Amino acid sequence: MIPPRHREAINDLLLDYGALIDGDKLEQWLDFFTDDCLYKIVPRENVVQNLPGVIVLCENKNMLIDRIVSYREANEYNLHYDRHIISNIRIRDLPERDAYAAEASYAVYQTNMDGESRLFSVGEYRDKILIQNGAAKIKEKVIIVDTYSIPTLLATPL
Amino acid sequence: MIPPRHREAINDLLLDYGALIDGDKLEQWLDFFTDDCLYKIVPRENVVQNLPGVIVLCENKNMLIDRIVSYREANEYNLHYDRHIISNIRIRDLPERDAYAAEASYAVYQTNMDGESRLFSVGEYRDKILIQNGAAKIKEKVIIVDTYSIPTLLATPL
Amino acid sequence: MIPPRHREAINDLLLDYGALIDGDKLEQWLDFFTDDCLYKIVPRENVVQNLPGVIVLCENKNMLIDRIVSYREANEYNLHYDRHIISNIRIRDLPERDAYAAEASYAVYQTNMDGESRLFSVGEYRDKILIQNGAAKIKEKVIIVDTYSIPTLLATPL
């Protein structure tokens, strides 16, 4: 049985997650992760075939921070707006205290500077979320992208 | 007034429905239906013009099982991954005991083996859901696809 | 703290909003607005650069009614079906009594009379919603479209 306030905190976390990326508030987005977080993007082909290859691997929050800093300083290509549609959120209790598994489907659209909106990536989130001092934090975020062949530079987080 | 635990069971059912198809767990997906279920895919053009044509019609669970068995044994074309985005879920109480109407919008994306993700179908679900021994089951699933012209073989369920 | 019945009323409003447009029940859709409502469509480019240009501006319900009436009487182009996917709904309490801010992401698909479904617009809703006599009503609807370049005539509301 998941306490309603935990369920609400996890739901809000997952939805704000998308809103902060879309709103280009990536520094605030970093606050959603625990210091020892795992952030991983893996192609579904590899998950299905049990292959080890990943697209992005950050094994703690400092590695995530590095990505955002370098994006802020270096990114000159693929200027765009992101738009996340996050749906089908399902939350399960884990044996550990105040720990939950959350799964969701996502579709991310990008709009480029010529004004074209198009589908960028679809896939799913498999998160491990902890409730710490009443706040929900991401301990693990595994993003399974339905295709390896992402059409442009993966600049902003998924 | 819908009891919160019924609302939650129906929500979970609708969301797991998409997750099981996307995860290729079609045999588990079958468990969501009552034995005397109706599963029907109808094009919106026909609904609007009151025409009788349907795309898929299964009038009980055995017919659904047949579809899944033949998909497992015979499907060689249109290999792909599905991804459901199910949103705008609205639940209404029906006069019968423990019976509800649920409506939702969906977008289904398919990713083919060349790694292209694209929109496959958009439309809506109109479900009749029963609560039986605490579990939500689909008595009727009417899927209104916004267009008849589905670009490829309709192999996996919508 | 948002009373659960207010949260539910706002959620239902936002989801029915999309369903009524998609179902071509635009006259019923008008009932969701207060008489002194604001309905505004602004391109994200302008929001980001703080530019004043808007795509659509209705400063009260009569202006919205005019749009629907003229659509009913005059529209001969861009015949299509709409399909709204509304997700990432986030609701905040406002200082005023029974007033809330609601934000959501949307993707709208259109299906034309040749049977092609395609992405029409992605963006976000920023609403101010009032609870009046137990019913949720839209006082302000600001729709930020991710691109100005909407590919066809903006006939039906977003």
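Letters are used for the chains, namely A, B and C, taken in the order the chains are written, and counting of residues starts over at 1 for each.
As a working rule, a residue touches a chain if its C-beta (ideal position, glycine included) is under 8 Å from a C-beta of that chain, and two chains touch if they have at least 3 such contacts.
In this text, all values refer to a predicted model and were calculated from it rather than measured experimentally.
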Review point. In degrees and to the nearest 5, what turn takes the CA positions of chain A onto those of chain B?
Key: 120
Practice item. Would you mind working out whether chain B and chain C touch using mostly the same residue numbers, over half shared, or mostly different ones? Key: different
Study note, to complete from the structure: Separation of the C-alpha centres, chain B versus chain C, in whole Å, is 27
Practice item. For chain A, jot down the residues that touch at least 2 other chains. Key: 85, 87, 107, 119
Exercise for review: Write out the stretch or stretches of chain C touching chain B in their complex.
Suggested key: 12, 15-16, 18-19, 22, 81, 83-87, 107, 109, 111, 114-119
Check your understanding: Which residues of chain C touch chain A in their complex?
Key -> 44-45, 85, 87-90, 103, 105, 107, 119, 121-124, 146-149
